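The structure's right below; bear with me while I get my questions together.
Lettered A, B, C, D and E in written order, each chain numbered from 1.
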Amino acid sequence: MAHFALLILIAPLIGFLFNAVNGSQMKEKAIGGVATAAIVVSFISTVVCFFQLLGDSNREVTVNFFTWIHAGTLTVPAAVLVDPLSITMCLFVTGISALIHLYSISYMHGEKDFRKFFLYLNLFVFSMLVLVLANNLVMTFVGWEGVGVCSYWLVSFYFDRDAAASAGKKAFVYNRVGDVGLLVAMFLIFSHSGTLTYLTIFSSTGSFSPTVATLIVLSLLLGATGKSAQIPLFNWLPDAMEGPTPVSALIHAATMVTAGVFLLVRMSPVLALSPSGRTTIAVVGALTAFVAATVATSQRDIKKVLAFSTVSQIGFMVLAVGVGAYSAAIFLMIAHAFFKALLFLGSGSVIHSLHGEQDLRKMGALAKYLPLTFPTFLIGWLAISGIPPFAGFWAKGDVLTNVYAHNRLLWIFALATAVLTAYYMSRLFVLTFRGAERFREVTNGEDPHESSWMMTVPLVVLAVLAVLGGGIDLPWVHNHSLASFLEPTFGAVPAGASLSVATQWGLSIVDIAAAILGLMVAFSIWRDKHESSTFEKNFLEQVWHWDGFYDATIGRPLTASARVGYAVVEEKLIDGAVEGVGALAPRMASQFKLLQTGFVRQYALAMVLGIALIMIYLVARIGF
Amino acid sequence: MLALSYALPSIIVFVASAALILTGAVGVITLKNPVHAALSLIMTLFGVAVAFIAQQADFLAAVQIIVYAGAIVVLFLFVIMFLGVDRREGVEVQPLVGQKTLALFGVVVTISGVVFMMARSHWVTGIPSLSGSKLANGAHNVNQLGTSVFTTYLFAFEATAALLIIAVVGAVLLARRERSTGEAQ
Amino acid sequence: MNVPAAWYLVLAAVLFGIGAYGLLTRRSALIMFMCLELMLNAVNLTFVTFSRTLSDIGGQASVFFVMVVAAAEVTVGLGIVVAIFRRRSTTSVDELSEMKG
Amino acid sequence: MIKIPSAHYLAIAPVLIYFGASLALLITSALRRSRLSASAATSLSVLSSVAVIVVAVFEWLYVSRHGASETVAHAIVLDRFGVLATVAVALGTLLTSLVAKDWATRSKILGIENQILILATSAGAIMMAVANDLIVIFLGLEILSIGLYVLVAMDRHRARSAEAALKYFLLGGLAAAIFIYGVAILYGATGTTTISTMSLYFATNYLLHPGLAYLGGALVLIAFAFKVAAVPFHNWAPDVYEGAPTPITGYMAAIVKVGAFLGFIRVILSGLGTNLDTWRPILFALIVLSTVVGAVLGLAQKNVKRLLAYSSINQAGFMLLGLWAGTARGVASTLFFVCTYVPVIIATFAIVGLVSGASDEAHDIDSYRGLGRRQPWLGAALAVLLLSQLGAPFTLGFFAKFSVVASALDASGTTLGLVTMLSAAIAAVFYLRWTQLLFADDKVSQSRVEIPAATGTVIALGVATVLIFGVWPTPIMWLCQHASIAFLP
Amino acid sequence: MMHSSWWLSALLLVPLFGIALVLLVRRRPGASYVAGIGVATVEMVLSIIVAWMYNPNISRTGIDFATRHVISAPLGLAYDVSLDGISLLMMLLTSLTLLLALIGARDKRREPALISWLLVLTTASMGSFLAHDLLLFFLFFELTLVPSYFLISQWGGAERIRAAMKFFVYTFVGSVPLLIGILFLGFKNQHYVRGALDFSYTTLSSVSLTHTASVVLFCAFGFAFAVKAPIWPFHTWSPITYAEAPTAGSIEMSALLAKLGSYGLVRFAIGLFPLALNDMRPIVLTLAVIGILYGSAMACVAADLKRVIAYSSVAQMGFIILGAISGSKIAMIGAVLLMFNHGVITIGFFLLVGFIEKRRQVNTIKDLRGLQSSAPVMAALFTVVLLASIGLPGLSGFISEYLILLGTFATHAWWAVFGALGVVGAALYWLWVYQRVFHGQADSKNREIEDVNSKERWVLVPVVALILVLGVFPRPAIDKISPSITNLIVHVSQAGASK
């Protein structure tokens, strides 16, 4: 086990190092091949570990490599915790990453920084694996920040475009704000329990008072909102679409953005201590899901739609965490990874075929030109919309059921979001593949055509997964599926299980109805138009003016105060005081200089006056 | 009354010497012509000599007349004549504003202080017995002074020799006409 | 009985003050020298007065040295004045204010 | 019959040697038809200085064996304090006579008269330091002063020389009058002019009416403050420093400080030490004013000699700290400061003299621009000397400042310590500005400065002293400490 | 068995002999450069040997290589050097800084003089870190000003004279209270024991002080170190100084001399005046936090790269001070580590800025743009250093900042929380700077610049290596410094308890 666990981790790192050291002489294919192979090795190791874990009675295996930090009472081992949760995460992370690597070889063909792209990708996967496999919060934080910085690099991959550069920076800074939350959570945990290792924390949850627990949960939530693009820190993700499409698929759909959810899930024993904290999580999740869905209805950039859809879906996952349905959250995370990666890669294929065009208004009727992309995308669309029997239906159904059991109000919000999801995805689908051809201008009149096998194979694989993915946790076999596999980690029975079978069936039907409603509406509106001021509200397109709001309330005041601070506090007050004191001496000098007149009689006078003063002193001393 | 406390002659001598001294001194600082000032200085020096005699310093009084009035003031006059500056000082305005006022203030404060401090100490606090014999009169004064100079003040007396030599050398060097640099080598 | 020492001491102090005032207000270097002499004479008078009060010859001996010093000073001082006069044809110290600041 | 008091010739030997040498030179130059060469005169003064130092060594050993003693009817005291002062003066004289020789050659002025006057003046300075009688101190002071008046006026090519002499003379005369008035009043207050007797008087009598003693002491103190150029009695210093021939300025800055400070310590601490509480506020004011005014006014100077004058005013404030403290440590530290100041300031003025050229006029600070580029060793030497005056660590100047500030602190003078050190920070500006100018790269094309052998030696000695004892101040400090032990009543 | 102090003396003497060597060969072009690097290498090797030999468990105090010789008893002057965990890293940093500054920031204008001053500076700072005697420390501490002054005023930019003067006078004024404080302490001890004047740290740390005296002295010491570090609001000398100094000088000053401030605070202000800590801690913590946030804000609006580094250093020094004063062992370890790490990182920054300056003659941000396309390796190196500076886990900056915040949180939670905001700030200004300088379309001037050459790469290898190694394997370093920190904490808490 230990060897394979190590291999999971270091295979991508080796790939990275190999390419970093040798890559400058290697051909594109070789570089891509090495990078992909590294991830494949990692995936295979994960599978091996998975089976070993299945056979192991104790489903928590800690593999210790070395002691990373040992300072005072703080001991941070460099160690991994192989348990159902981490291995599940590893499975889909490595699996999807491998596919995306493969896809990228073709997609990135001919790019100037081809090698650098794969370096970043490998490093990203490594960081992600550190994040999920870590056995303590600090190691998780290493991965957490690692994926953040890789994301920064990949988003601003086209660094000579200002938008890309800004987007990368924005992503990193928003993440950093969230990191403060995670840091504070760690500080709180350490100062109350004296450890940062997960298993030890969980065995000493008694040392957290309710208040502390709530503070920890809220801090964790702040961390999660940063990384997982939740309200209030969600608006970096759409900008992050400036990166190459495989990056959007890998990082901003399938893996990194789920890290926040993972963290919350990982810390579930602490979450359990704070009901109010959990409620907050649920509310944040529901709100995010709803807001992002509304925004997605009005976006005109194909990737922006998918980005907001991602935000919305992660909102669902967070909502699931908030209601205590941890395995449902993981389920949705996996299913979402499948279909969202599929959708992104599909959109990548579309964009690729249109020479980089991303505007929905310049697409349409692509179905016949992209014979492989079209059906796979179709599957993805149905899956995310929640049409049975695709993965999305089961996963989202699981979440909705649990939410229903927990809180009706949130359920209504979630259901409305589901309708919106079906609606905007259908709009996207229709505008892209149906309707009139609007792309000739972009392609100089040529026909768009399908890409190489390296791009289509991943599409096919993902499509298959999107179809079958629901199978890992069908509602009626919870005890033989993902939920039961994860049980050692969460230990709790999902709330949904307490509902009667009839209710569960009823809810399923409601879900299907919602999805179909969304579909119908979308088709009826968008079948024959590609622009509509009625249904594409500026308010929504501008993301509820969220960026503007931040800019007006935080960004500009801060910048202005920094400028004013520089001009007034720094230069005038602090340095002014220093310079003022410094200028005092020369000023005194020019005054004193006047006293040195060159007239000897005045010198004598000065002496006599000095004597007079001393006389006055003496007289005062002996007294009258 | 003063007359009752102190012998009248001593009062008269004091008043006379004080008059001489102060008149002369005021003359020195007010008379415009340097020659007149020098003559006023002689008046003061005489006054001081009178005060010396009144206080049993007969020999010093003689020296005062001979050395001061006879030599120093003559030297002054000689230089005044030599330089030809026996005229009034220039009549241009005082370049230094407030100099006189401040000088008066400084001097008055200082001297008031001096007098006040002396008065507070009842004018003298030294112990006479510290330094031995009583002061003698007349011819003995010379003896006594001579003894003192050649015993207690022997080193100082020798040092005056050096002082005078250096002064003479200095005066010669300063007053010498400039020679051409070649000669100086 | 002789007049008290205080009278002479005050007289000397006043003389010293007049000398100092003259030094501060007169412009001719020669007259300033004379003022210095006035001050030294005030000192001498003080010495002699204390000498009398203390019945100690030391004060008178000191006067002797002060006189020597006065003579030496005047010699050198006049030498300086002569040297300056040769160059500048003035004895006014106010014209010697080239260096200042 | 007069009983001539016995004289311990070892004690007065330094004074005798200097007067003797001075007289010998005077007589030789007067009697010989052809003029004595400057080199010969210089050799004689160097020899006499060496002799004085040798004698001083014997004096030190003698005192170590037999203890301190008074001689020539209590007029002179033979103690380590005086011996150390003798050495310092002799050292200063030695260095100055070397510098003065080159100066005389360069400026084409009389070389012999310089040496005659320097030797005699040094004798005066030593007299001040070893005297046990106020009258002797007064005479020493006058010998020193009159010698200097003449030396300052010596440069007949420059009008400023005479102006400086006259200013110095008039103000010096005023100070002398004040000093001797103070002596007269002290005489009235104590009945004596002998310092040790005076000290005994104060130790054995409680003064119900101390006014007279205070008055006399204060007047003497003022006169000394004038001599050491403490503010507000400093006005003469910048003008006189500027006007005097440069080697003489160096001599003056060094020797007057030694003579005046040692006399100062003797009178104020040894003679009037029991009234220290009265002097302290005065000294306090003098220190604060001197350090601050010296440092501040130094900032405004373009003429390096004036700059050094203000610098020396600032340094004088520091030297007064030991006096203010009034402890053995204070005396030792002031001694240390004064003694170590001698080689530094003479060497500095030696360089200033070289740079100023034959006319002794190029004193603008711009004359130094790029000096260190053209002549790295000369530039480095000046930089070291200036840094020492600044008080940079591992130079002699640091330990000088350190020891006086330490002594003040030891006597609870925290305020003084702070003020003086802050003034050093201000003063640092002008030292640094000058130092930086040495290595400035603009206008590098000026002619080279010739360095004659004798002056070069002096500079090298100064720099070596600064650096060697800057790391290892132990010997000098040991001497100063021993010189101050058993000195105070 | 304690190691011989000759090793430390050698560390102090090698640079001085190096000066002689450099001046000896000054006439031959380039020879002084080779000689300088040779000397620096010897010094580096010596440092590594000493660090390797150092045994933290040799005594309870963690002091090794100690010796004490009184030089002048009346002055209280003694040669007293030793090494403990706190000075260990600083010693290494001193050697490293010299070596890298020499190689990486070569300046051919009057090279022998430049190298000599750098060597003087090395001895001075090495001496400050090794001195175990307050007077000796002060001597070396002050000595650093002289070479720094010359480095700035002789080799600096257009405003060099003003900058040099401001630096000198400001820090000189800062050290005045320190001197007074040292003297006060020395005399206090002397009056108490009635013995010789003695400024040994060991002796003076046992002087019993009243509470008020402790506070006053802490302020006196603290002021000097605050100016040197620099701690807000005593930092305004640093931007102009760093900006105007030549690259080698900037490196020495920000990487090394600034550490004298924090080192002094840890070693002397905290070690000698534990009684004052309770009163002073909130104030110092607050200043540190303000420094972190304020430095970040100013770095955002700074106009040139060197000023950005300067303000970034203000923020980083804020972190160091936060950890140092917090009283938590973890945080103190972090602070000592950060002193070293920040040094290394700053060396990296200044070297890179030096490379840019060499190519473009400017370092104003508005004149630079899109450098990444023409100089990708430079951009990559800059990124590594930048990420270390903003505390990316796995790189050296993280461990130290993390330990500081974690430890501080345990004792002073709110300050740690606000300090943690600095993490965002650092990311904000550095990434913004990076974006403006390296990202975007390069104009003609910036398009032409050549990438870092192989020599320049090699100079940065140690920097990057240290950033990585100390990020991943910080244990050896932590293990060496821990015992000394423990000892300090115990000393402080005992003093607090005995009150």
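By our rule, a residue touches a chain if its C-beta (ideal position, glycine included) is under 8 Å from a C-beta of that chain, and two chains touch if they have at least 3 such contacts.
Just so it is clear, the structure is predicted and the values come from calculations on it, not from any experiment.
Chains making contact with chain A as well as with chain C: B, D. Common neighbours of chain A and chain E (chains touching each): D.
Of all chains displayed, E has the C-alpha centre closest to the centre of the whole protein C-alpha set.
Inter-chain contacts peak for the pair B-C, counting C-beta pairs in contact. A separation of 64 Å divides the Cα centre of chain C from that of chain E. Work out the mean CA point of chain C and of chain D, and you get 26 Å between them.
If you average the Cα atoms of chain B and of chain E, the two centres end up 69 Å apart. Chain centres here are Cα means. That of chain B falls 30 Å from that of chain D. In chain B, the residues touching two or more other chains are 95-96, 99, 103, 106-107, 110, 113-114, 116-120, 123-124, 126-128, 130-131, 147, 152-153, 156, 160, 163, 166-167, 170, 173-174, 178. Contact with two or more other chains is made by residues 135, 139, 142, 146, 149-150, 153, 156, 166-167, 170, 174, 185, 187-188, 191-192, 209-211, 214-215, 238-239, 300, 426, 429 of chain D. Counting only residues that touch two or more partner chains, chain A has 593, 596-602, 604-605, 608-609, 611, 615, 618, 622. Pairs of chains that satisfy the touch definition comprise A-B, A-C, A-D, A-E, B-C, B-D, C-D, D-E. Listing the residues of chain C that touch chain B in their complex gives 1-11, 13-22, 24-28, 30-31, 33-35, 37-38, 41, 44-45, 48-58, 60-65, 67-76, 78-83, 85-86, 91-92, 94. Within the complex, the chain D residues that touch chain B are 2-5, 7, 12, 19, 22-23, 26, 35, 72-76, 108-110, 113, 116-117, 120-121, 123-124, 127, 133, 135-136, 139-140, 142-143, 146-147, 149-150, 153-154, 156, 185, 187-192, 197, 201, 205, 207, 209-215. For chain B in complex with chain C, the residues that touch the partner chain are 5-7, 10-11, 14, 17-18, 21-22, 25-26, 28-29, 34, 37-38, 41, 44-45, 48, 51-52, 54-57, 59-60, 63-64, 67-68, 71-72, 75-76, 79-80, 82-83, 85, 89-90, 95-96, 99-100, 103-104, 106-108, 110-111, 114-115, 118-119, 123-124, 126-128, 130-135, 141, 144-145, 147-149, 152-153, 156-157, 160, 163-164, 166-168, 170-175, 177-178. The part of chain A that touches chain B in the complex is made up of residues 597, 599, 601-602, 605, 608-609, 611-612, 615-616, 618-619, 622. Residues 593, 596-601, 604-605, 608 of chain A are the ones that touch chain C when the two sit in their complex.
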